[in-house]
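Next come the structures, one after another.
Two complexes come next, and they have one chain in common, chain A, joined by chain B in the first and chain C in the second.
Take a look at the complex of A and B:
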């Protein structure tokens, strides 16, 4: 952490990376900040605390072709699309890196791997950037995160205003760091500056205590609280769309005559027919079941299954919900109703 | 060819339909053989497991393997015509191809069943998944490992009975095997039992002593079968059933089939009643 890069050198440094890797980084897109592939250093924006949509799409795109087929050529000779070049995912906040670590076990491991996710995950080097400030919706500290955490990053940039302290954490990170070595200078004061910054930011995180919430939810499936809570939900699905740990997808065939493709795209447990089966049986037919499932997934099911929090406290869902259904409110409510 | 196919659990291997049996007006049994003999050989399905059957351009459907692994060289699927994709499957003919991926999910606990009597209770298409277990247990090489097998099966009408060749020919001829068939309403040309499955079961009154019950069928039938078994003194651990849910990936990723923290596609579809009672009632 004794190395630093001047902020005014960042664009040039990112361009050196972009010359060798596909650079995926947050850019301004109208009123949103979105992670986009193939961007140039000058387009990268780092002033938003959180991107509008999480960067999970780097590994699990909103929409991707699983394979294409052409039955006229040979039956079932499906073609898998190339999983793309080696890439550097730059500008990821600590909470979003934690989210990646928390959905890794869904896509990698248990009984089956995921061809698409794993390929892209392996091809990607992650450069985290600590948060410049803390938004009023941020509560990553609740789940053991912090605005300066480096867990899961290959390289970590610590935002110190006019410069970034740079920490190389893995071999993958080393290879990328070599590309920007000429921009790095020694700065013995950097570690102390990072530590001071870490303290300052951690103190600003919204204090939300989840102690006892999981234990309460263990016995709260039938609790009337869900009926009240779900009443105002519009089932718009924005909360799941922006969330870095939501991983539901749909599989759809798109074809014309003998040619076409099988795609998968983000789906949402908030969607109307998400659990509708043939014959009309729907296991989660109404708002009540859907809202309950979302919060149970975030605060209990994911934890039960993977021993990892299903929410990492990025605050996006609370920020975007049109009716102000706030997960931090749910956490404190649940502690009060028990 | 790239290794993508063998590395991608969501790739469905091509298979050819080798035989079609019309079970009922809306159920057909398809016998299928993988085009690659190696894939067929290594498939390794266990009784109770499911597959995804893929029709490019139309979609995928979750279907139980109804044949027992003791019958090698092919797989059988009994498919009820209920919607978009199953409709297309019903139009397929011998020689045509589909994609198959799997096998998925857990299996009936055939190891724990050793030395015990079995009572199999099925309704309608619900016999399809359990048929893999019945044929496994009744196979010559396994028969000595299991006790008496009772099969209680019902459908709405005579025409709606699946697997008539098994119910009336194959199974009754097997050693220590009793088959009880019933239909919901009396009709001409039927001199067999007329009763709903749960009522027939109660009449047969199987004692729970050293037995395991397996029940699959319409939710309403299962509900009353479970009540009946409880009344007859069966313990939750002795009763096995399967859960269904809408599925997309069948490999625990798409998040569609969860009941609480369980994914039916990975942790199920086979559960005993004690396990089900631990789960939120959302199936």
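Take a look at the complex of A and C:
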């Protein structure tokens, strides 16, 4: 960690990476900050604490073609699209890296592998950047995260204002670090500065305590609390689409005459057709079942399945929900309604 | 604001105790200073949660649709702009007037949470609000903050047509004087003045960002269809892919479908997580309707001529 890069060298460093890899990084799109592929160093923005939509789309895009077919050709000419070049995902915050680690077992499971996710995951080197400040909605510390955590990153950049301390954590990271080695200088004081920064920022996370929440939810499926809570939900998909850990998808065939493609796209438990089965029955037809499912998934089901938290405290849903249905409120409510 | 809040709780208590209503839909304090959240008050004990402040942004009329087929009598809190939606729902036979008690709030403007956030400590408690005419003074547990309306109001409030509700069974305060200028549709005119290519670029830039979360639709009181085309699989009208093409189809279809029914409450614009300026799109349609058919903003009165709900052989057909 005693290597640093000056902030004013960052654009040049990113461009050296972009010359060899596809660079995926946060850029400004009017008032939103979104991760986009193929960006140039000068367009990368690092001042927003959190991007508007999480970077999970790097591995699990909002929609992707699974295969194309042509029934007029021999063997239907089924083709799987190429999964693209090697890429570097730069500028990911610690909470969003944790989210990737928490959804990995969904797609890279022992029983069921997912070619699409896994291929993109393997082709990607992750460069995390610690948070410049902490938003009032951030509560990553609740789930063992921190604004300076490096877990899951291949390389970690620690934001120290006019410079970044750089820590190379994996072999994949080493290969990318070589591309920017000429921008790195020694700075013996960097580790201490990072530690001080880590302390300062961790203290600013919103204090949210999940002790006992999972145990309560284990027996709360029929609790009247869900009826009350769900009344205000609009069943829009904002919370699930901005969330870094939501991973439900839908598969649709789109074809015309003999040709077509099978696509996979984000789904949301808030969507009307989420649990719609053949014959028209819907197992989660109303606000009640939808809202309950979302919070159960975040705070219980994911723990049941993978022993990993389903929410990592990025605060996006709290920020963006049009009716202020706030997961931190839900956490403190369920502790009180017992 | 103090008198509105006292009156609000007094009236709500009276209505619930007197069984005039089964439920009152209002706002309560949210999880930070710049937010309120909808609250559903069905017992006298919950009345003290009701609050009104310049952060009471949600148009609560949308929730009436959830009670459409139940027998309950519902009290709903509305600001001026929201109140137009009550008229619209009744005109569309979505709900009958005898099922609704409208608690109207004469509104002196709503603050834009995004603009206000950097000026306040969001973790502080909002203990009161004083309306000084040109500004609001927020009394917070961490000190007072004065915010000039000129700088901090929501964009839509600068051209507010109806600061006083157009329909109300109970008015919770004295009517306010209309201080805003008439809507001159300056934003729309600026867009109209662009070349086709510029317009195209402008909207492509916007629609490209859409994540099709459908918050704009779900917050909209005009979107009352039980089955929406964008949710359908058979026929599969619009692809679930978020390509520019599919996004554009979504936006133009929705704009046309709410034409003549959009009450210009601005909710779609407010709820969009990626700030797509939907109000500009709907205002263009609104402006055209006003110019071509001479009808007022939908919902402005209990009975208004509906541009698309009638047929007249002399209708202008400029676009045909």
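Throughout what follows, the second predicted complex is superposed on the first by the 336 of 338 C-alpha atoms of A that agree within 3 Å, B and C clash if a C-alpha of one lies under 4 Å from a C-alpha of the other, contacts with A are read in each partner's own complex, and residues count from 1 in each chain.
Here, a contact is a pair of C-beta atoms (placed from the backbone, for glycine too) under 8 Å apart; a residue touches a chain by one contact, two chains touch by 3 or more.
Only a predicted model underlies this, so the values are computations on that prediction, with no experimental measurement involved.
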{"item": "Simultaneous placement of chain C and chain B on chain A, clash or fit", "value": "fit"}
{"item": "First (chain B), second (chain C), both or neither touched by A:69", "value": "first"}
{"item": "Partner chain in contact with A:250 - chain B first, chain C second, else both or neither", "value": "both"}
{"item": "First (chain B), second (chain C), both or neither touched by A:281", "value": "first"}
{"item": "First (chain B), second (chain C), both or neither touched by A:262", "value": "first"}
{"item": "First, second, both or neither for A:80, with chain B first and chain C second", "value": "first"}
{"item": "Partner chain in contact with A:301 - chain B first, chain C second, else both or neither", "value": "first"}
{"item": "Partner chain(s) touched by A:112 [first = chain B, second = chain C, both, neither]", "value": "first"}
{"item": "First, second, both or neither for A:329, with chain B first and chain C second", "value": "second"}
{"item": "CA minimum distance (chain B, chain C), superposed complexes, angstrom", "value": "7"}
{"item": "Overlap of chain C and chain B interfaces on chain A (superposed complexes)", "value": "250, 252"}
{"item": "List of chain A residues in touch with chain B within their complex", "value": "66-67, 69, 71, 75-76, 78, 80, 106-107, 110-115, 221, 246-253, 255, 258, 260, 262, 264, 267, 269, 274-279, 281, 283-284, 289, 293, 296-297, 300-302, 304-305"}
{"item": "Chain C-touching residues of chain A, taken from the complex the two chains share", "value": "29-32, 34, 52-53, 62-63, 136-137, 228, 231-232, 234-238, 240-242, 250, 252, 254, 263, 265, 268, 271-273, 287, 318, 320, 322-326, 328-329"}
{"item": "Residue numbers on chain C that touch chain A, as the complex places them", "value": "30-32, 35-40, 58, 62-63, 66, 122-123, 205-206, 209, 211-215, 217-219, 228, 231, 233, 236, 239-242, 267, 270-271, 273-275"}
{"item": "Chain B to chain A touching residues, read off their complex", "value": "2, 4-5, 7-12, 14, 56-60, 82-83, 86, 97, 99, 219, 244-246, 248-249, 251-256, 258-261, 266, 280-283"}
